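Here subunit A shows up in two complexes: once beside subunit B, once beside subunit C.
Let's turn to the complex of A and B:
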């Protein structure tokens, strides 16, 4: 586990996110999308990066969380926190059940099963038109002021800070958990299942636990998406969404937690710029970028950060020697 | 063969893969503190036997008891938690993790804190300290913070043993602990094998006869899935059938 930057390095992404709030106010909704994508990719990092569960069905949990939060706000209560917690718990349960069913398999079999479950959830949402709105998506989501104090304004100030705060809480949890004995056992399971069995690790249970944890986190991301955009569509559940979050994670770098930040921000920005330039062929730019990163950088964009950090350390080290 | 004082007792173990019988009516008792070497030509079924004991393979018939309690229904990891621990013939280590952490996660599982996600600071530090102490006792004290893949092969073999010891086993199954190690490095392993905790019942598969005769107080000879004979090292050394198995029929 290599996350041993100087203490100040950890402040950088959060300081940048706060600075964006003050200086990027025209683009706050774009920023909110990026933060949601960070959280979504972070959830995949736990499952795929650390535990090595190859999944192409992670959108199921994102979309499920989004629908639960949306339906909850329409039919029950429009309190954002209650909706967020409920969506998180619901996604965790879905992760627990589906994970328990499929995690005795590995590799391509497992990947196929994750795709199958993703397809099932999508079809269920498509058929339950009365609840989900089917093809038309879920309309009419209303969200009450946060904590009864802060209205979700048209410019997205509240939405941005709300998303950032939720991301920060999940990030701290993920950071703590991935350095715990539990997190280290996941790292071990990814590297060598036989070794972990030989020291008595209940491998299946651990995998189900992290799958459910990642599902919960993805469900939170989906709920944030539903609440801040006030709509949910079937695209949230599509295979392409699972592929996108995987692309974002690989782009940023796995098993670093911060990789999700780098990947999501670059993805959202490039997508926005390229889509403005050419609405039909922006995927080409993303594809080329991903290829370049995968071919030339060892661990995504975080690999680039490593190179930069090493360079700075070498420079400051040599300066110190000269004195 | 009384099984009253046996930590591990095996009764009537059978296993075949199609027409190939790899375990045929194996009966064996390991009392506490046993030092038994399991020898036999390649393909005799020695590693298969270990896999049957640990639950990696399911026998067609027969029973295994640990401390008198049947463990036939237990998963491999559950058997480990009861104290039935093995090492592997081919290194099975976390190559991208530090040497110390390889041992510490084993300590953590033994201490049943492998589930801890949020409150673990002091307990985990204790695991690391215990791991470091164990490594020092095995002559790996200076390598704790290195990644396993940077470690020479001989030291990786020692690390396999260190991880097994971290689990505080009741029964330790060593599958060719010195396999593939150059002679110069093998001595360190041999020395450590003699210093293993006295109370642990140990069954060691080994081809190196010098090591076998140094280590074992009893030798079990296995041929084609059955136990051919067993006895003290001197009995085995003078047994014509054993010589025949090892040297071929021409030796007669």
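Let's turn to the complex of A and C:
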């Protein structure tokens, strides 16, 4: 990891995100989507990248968070922060329960269980028409000004900065957690479960904990999406959404944290170009991208960044020797 | 609605699930590939049959054609897409086959449009048959009979033939199978193509219960995967039992508790998988 301790490298994505606020004002809603996707992919990175839990049902937590935030704003209070915290907690609980149920299994069985749970959550949302609106989606979400001061304006200024701030907080948390002994033990579990058991690591608990943490983060992403777009649809829970976030993560590069940034930006740009015409062209693009990443870009875009950085270092190194 | 009718409907549905899923249990059990593209082969079969029927080809010929096209596509995909995947991890396999499914969906929709494809049944299958106490659709009886015949044929092939002995040896331990001179690669190609052909046939025969729509390959993939998972990956008999069981659970839930059918189905699957994480009949595997 070139960016592990490298100080200035850390500033780059955040500076870019802030610069986008000032220079990309026409495209702020697109930018907000990208930031939400970053958070969503980051949450999957904890679960899949670090802990090695192969899940195809991560959309369940994103969608659940979105629905909780949406329903909360319609029926209870439209304070954004309260809604966000509640959705995060609710998704964490869902992750805790489902994770505790399924994480004693591994490999293909585990993957199928995540798919089954995703399908179950989708069915529940589809059937609870009175609460979720079923196929029509959740309508009439109103969000009060942030902290009572900043209105969510038509151009998305508040939404963008709000999302960026939430992403930053979660990023710091994830950064810290993945460098803690807990994060290290997840690394060990991914690489060799038996050995970790042998040295006394409570494997099941660690996996459940990180699954719940990832679920909470995905729930936040879903809540942000509900609050900033003021709508939630069943698509948030579909298998396609789980596949999309996987694609974003793998495209960017797993176990990098910043990989999610690279993947999400490419994803949002491509989606904007390809999806507007018709959804099937969009599917073709996602499918082809997935296949291309597996075949040609095993370490994702961040792998390319590493390669470039290594080249530059080699060049400057040889120059120094010549002197 | 009498109980016998529900059972017949459930078994017919289960047979469709079995015909499609039996190929998937082969890929996942024998080649140890996480195959998320199996629904795509069933979809290819269904669409080929729809086009052929539209051009006036008789039903059975169209079904045969669909089986062949799906099998050939499967053979091509095995050589081009799956073989490089055997050495990679589960994640790479899942991503690659998932991507392939998307591409197939997009391609089929681009060529054939995004409306639902209906497969009109021939006269001798579309009528009702007297089964003693009421009239019952002949087509569903045909599906049940065909499924039983296929299950018997597969049992003969896998449990009683030399090919089957080789296949089981390769499932149990591919390295030793290679060491005793079994051409495992060729076995893989043949078996994979056969499984895809059956998926294509299942796509045609099951179009009444699993309508052919653009998202077919994704929507029903979950169902096929669950049949394999519940039955025990790599076990043909397990797939048969699981397919019939899931068909019965789903159909009876839809008849008796329509409002809670989906929960009941996925709840039952979840319970079964948690009770027996390796499926009802886990394959005896060296690994």
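To be clear about the criterion, the second predicted complex is superposed on the first by the 295 of 323 C-alpha atoms of A that agree within 3 Å, B and C clash if a C-alpha of one lies under 4 Å from a C-alpha of the other, contacts with A are read in each partner's own complex, and residues count from 1 in each chain.
Here is the rule we use: a contact is a pair of C-beta atoms (placed from the backbone, for glycine too) under 8 Å apart; a residue touches a chain by one contact, two chains touch by 3 or more.
Only a predicted model underlies this, so the values are computations on that prediction, with no experimental measurement involved.
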Practice task
In the overlay, answer first, second, both or neither for which of subunit B and subunit C A:116 touches.
Solution key: second
Practice task
With the two complexes superposed on chain A, say which partner A:183 touches: subunit B (first), subunit C (second), both, or neither.
Solution key: first
Exercise for the section: Kindly classify A:202 by the partners it touches after superposition: subunit B alone (first), subunit C alone (second), both, or neither? Expected result: first
Practice task
In the overlay, answer first, second, both or neither for which of subunit B and subunit C A:76 touches.
Solution key: neither
Exercise for the section: Could you look at A:56 and tell me whether it touches subunit B, subunit C, both or neither (first, second, both, neither)? Expected result: second
Practice task
Could you say whether A:289 touches subunit B, subunit C, both of them, or neither, answering first, second, both or neither?
Solution key: second
Handout entry: subunit A positions touched by subunit B in one structure and by subunit C in the second
Key = none
Completion exercise
In the complex, subunit A touches subunit B at residues 173, 176-177, 180-185, 187-188, 191-192, 194-203, 206, 209
Problem - Interface residues, subunit C side, partner subunit A - complex - result: 28, 34, 81, 84-85, 88, 90-92, 94-96, 98-107, 109-110, 114, 214, 218, 221-222, 225-226, 228-229, 233, 259, 262-263, 266-267, 269-270, 273-274, 277-278
Handout entry: subunit C contact footprint on subunit A (complex, rising order)
Key = 48, 54, 56, 101-102, 104-105, 107-109, 111-113, 115-117, 119-120, 123-124, 126-127, 239-240, 243, 246-247, 250, 280-281, 283-284, 286-291, 293-295, 298
Handout entry: Complex interface listing, subunit B residues touching subunit A
Key = 76-78, 80-81, 85-86, 88, 92-97, 101, 105-106, 108-110, 113-118, 120, 123-124, 127, 163, 166-167
